[in-house]
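See the structures that follow.
Two complexes are shown next, each including chain A; its partner changes from chain B in the first to chain C in the second.
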Partner chain A sequence: MAIFSVYVVNKAGGLIYQYDNYVPRSEVEKTFSYPLDLVLKHHDEKVIVSFGQRDGIKVGHALLSINGVDVIGKNTADGKDTLEYLKDPANYPVSIRFGRARLSSNEKLMLASMFHSLFAIGSQLSPEVGSSGIEMLETDVFKLHCFQTLTGIKFIVLADPRQSGIDALLKKIYEIYSDFALKNPFYSLEMPIRCELFDQNLKSALEVAEKAGNFGAGS
Partner chain B sequence: MTVHNIYIFDRNGNCLFYNEWNRKKQAGISKEEEFKLMYGMLFSIRSFVSKMSPLDMKDGFLSFQTSKYRLHYLETPSGLKLVLNTDLSVNSARETLQHIYSNLYVELVVKNPACSLAPPLDSELFCSRLDAFVRSLAFFSPRAA
Partner chain C sequence: MSRQSNRTTDSKKMNSELFTLTYGALVTQLCKDYENDEEVNKQLDKMGYNIGVRLIEDFLARSSVGRCQDFRETADVIAKVAFKMYLGVTPSVTNWSPAGDEFSLILENNPLADFVELPDNHSTLVYSNLLCGALRGALEMVQMAVDVKFAQDTLRGDGVTEIRMKFIKRIEENLPAGDE
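Showing the complex of A and B:
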């Protein structure tokens, strides 16, 4: 339960595979009456909270659904603009769900390419000779591990900071990639990986790693 | 066990302070460009991390490591960014950076009415105290060149 996702980036920096193993969703649903004391704004085709953090609703959280019906981008399911809908007192009381916005596949592509460049800059700014790029990036909530092969493919794993054994997992993913993607005669190099056996074996490798890692990280 | 260099950036991206102790390889570009690249990289990493993060973060980006060095990062609520490059044996330099900020920067630079907070920082006392502090760190040992 502690390995969040896996990304595979080709040598040009494009994302060729992405798998979300466990993404904890922190969502809060509350009923509001007019006037709404949160300040909302449009950002990137979503409506997000810009001010008024309270009760588990944080700044940056996106508006996910109104009265149980999911919003589509900036508009409600009926096609009305969400902010206009919330300005009208006749629509209250309203039950709104807020939470961390899920990444769209476009955003994942952009983030993978961004990491590809950051990896290279990390190597260029090195104060030591012969440094590789960023192999591990740590925040208070997750750790990102990256393994770059000799051919330039990067395997990126996002995991819980206490999870151990990720280096072995990265090598195992490389093995699975070479067995089920590269040896597949229908797979073209540097293209998105659409091989069932790769998916299956990756999932079981993640399960094994989580169980093994928990012995070290759990206590 | 060594500290390579330190950067201090203000909230606008100007490099206020830079010092190096054990740097073996220069970046191959001029110092101004290197500061801009470093700041740009940190800005992008922060944005990357806030989007990628599966949960809401409190402190955000803390550090990253490569095969040869580790970069430690501290951002104060006022937007001041402190960056420390060390070798791999140093696990967390967060308290060190916090000490540099609260006991050295705030005491000697912010509280000094004669010292303007615009780049470059020209407080000799700050430079010398910082240098002495870093040299006194447990994980600092200047290797014989």
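Showing the complex of A and C:
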């Protein structure tokens, strides 16, 4: 389970495909009684913990669900404001799930275009002419691998730092794109990829890469 | 690790005559629909263009050819790798212009036009114009604007089929980062 996600960015920098293979979730569900000893606040259309770290619930964690029902933005599933709901003693005891907020698709779009711009800056900063652009971005918990084709499409894979064989995987994803997305006559170029065959083949390629990479030797 | 081509579709061979028949059916239907050779030529070019813009990615993904440094390299890659991969024929590259921006591809046999004879009322039809559109579309996706046309065609009585390709310019808009 070491390949986290795949992003495909078109020539203009727009995200045309995104798949989360494995997202490590740190979620905590606890039952609370009135009054709630965590301080919550609104932030960016979500309700997050601003004070009161305890039992695995950290500051910055978002409120994900109340009594098993996922919250939608700032409101509960019934449309009531979450903070108002939690101020009412009649609603307690309540079981709330907190966790690291998932990236919304808009945020992913923004991050992809930002990466596209960083990629361009990286190539311009290059002291040598004809740089390949950003190939890898490394942090302590993940490595981002990027492959830009001659036609300007970027394939980005986020994986565990110990995962090997990602270069071969990026080439494989390019082949899968040229097969199942481009050869589908109903898919228009540069548009979001909504082809089932592409999804299926991508998933199996990721599985193969994970198994191969885990044996250490890799490519 | 040697790069394995683990495409299971590689082993699916298609009868080339079925391909010739399919292309023939396409051209004759276009002729019936448009009734005007010029219009049919334009449509074939458009269709070829749509094929070319998609085929280039397949070509790049499977052949691992890098960016060509100049037009001569491009000509070699087109003749020796691309035509071989997709049509099974290897045209020869000749007739370079003095400036090095035009060349000809000479095809001894054209798989699209096996068994085809052009009747007299279609004397201006460029039967294999799809090829021209495909080459144009594919090169446009790698930032090269080219003009492709048939200089000679065995269907019209010439000895060989000759495709003339002229380099117009490098497309500077939407360059992938790092390619200046």
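By our rule, the second predicted complex is superposed on the first by the 207 of 219 C-alpha atoms of A that agree within 3 Å, B and C clash if a C-alpha of one lies under 4 Å from a C-alpha of the other, contacts with A are read in each partner's own complex, and residues count from 1 in each chain.
Assume a contact is a pair of C-beta atoms (placed from the backbone, for glycine too) under 8 Å apart; a residue touches a chain by one contact, two chains touch by 3 or more.
Since the model is a prediction, treat every value here as computed from it, not as a measurement.
Chemist: Thinking of the overlay built on chain A, is A:Val94 touched by chain B (first), by chain C (second), by both, or by neither?
Modeler: Neither: A:Val94 stays clear of chain B and chain C.
Chemist: So which one touches more of the residues on chain A, chain B or chain C?
Modeler: B
Chemist: Which partner chains sit in contact with A:Tyr177 here, chain B, chain C, both or neither? Use first/second/both/neither.
Modeler: After superposition on chain A, A:Tyr177 lies in contact with chain C alone.
Chemist: Look at A:Leu83 in the shared chain and tell me whether it touches chain B only, chain C only, both, or neither; answer first, second, both or neither.
Modeler: Neither partner.
Chemist: So, does A:Gly130 touch the first partner chain B, the second partner chain C, both, or neither?
Modeler: In the superposition, A:Gly130 contacts both chain B and chain C.
Chemist: Between chain B (first) and chain C (second), which does A:Leu109 come into contact with in this model arrangement: first, second, both, or neither?
Modeler: neither
Chemist: Tell me which partner A:Lys11 touches in the superposition: chain B (first), chain C (second), both or neither.
Modeler: second
Chemist: Applying the touch criterion given at the start, work out whether A:Ile48 contacts chain B, chain C, both or neither, answering first, second, both or neither.
Modeler: neither
Chemist: In the overlay, answer first, second, both or neither for which of chain B and chain C A:Val23 touches.
Modeler: A:Val23: touches chain B, not chain C.
Chemist: Let me test your reading of the model: by the given contact rule, A:Leu144 touches which partner, first (chain B), second (chain C), both or neither?
Modeler: first
Chemist: Name the residues of chain A shared by its contacts with chain B and its contacts with chain C.
Modeler: 122-124, 126, 129-133
Chemist: Contact residues on chain B for chain A in the complex?
Modeler: 4-5, 20, 22-25, 27-28, 34, 37-38, 40-41, 44-45, 48-69, 71, 85, 87
Chemist: Along chain A, where are the residues that touch chain C in the complex?
Modeler: Touch residues, chain A against chain C: 11-12, 116, 119-120, 122-124, 126, 129-133, 148-153, 168, 171, 174-175, 177-179, 182-183, 189, 219.
Chemist: Can you list the residues on chain C that touch chain A in the complex?
Modeler: 1, 3, 7, 9, 53-54, 56-58, 60-62, 64, 66-67, 141-142, 174-180
Chemist: Applying the document's contact rule, which stretches of chain A touch chain B when the two form their complex?
Modeler: Against chain B, the touching part of chain A is residues 4-5, 23-24, 26, 58, 60, 100, 103, 107, 111, 114-115, 117-118, 121-142, 144, 158.
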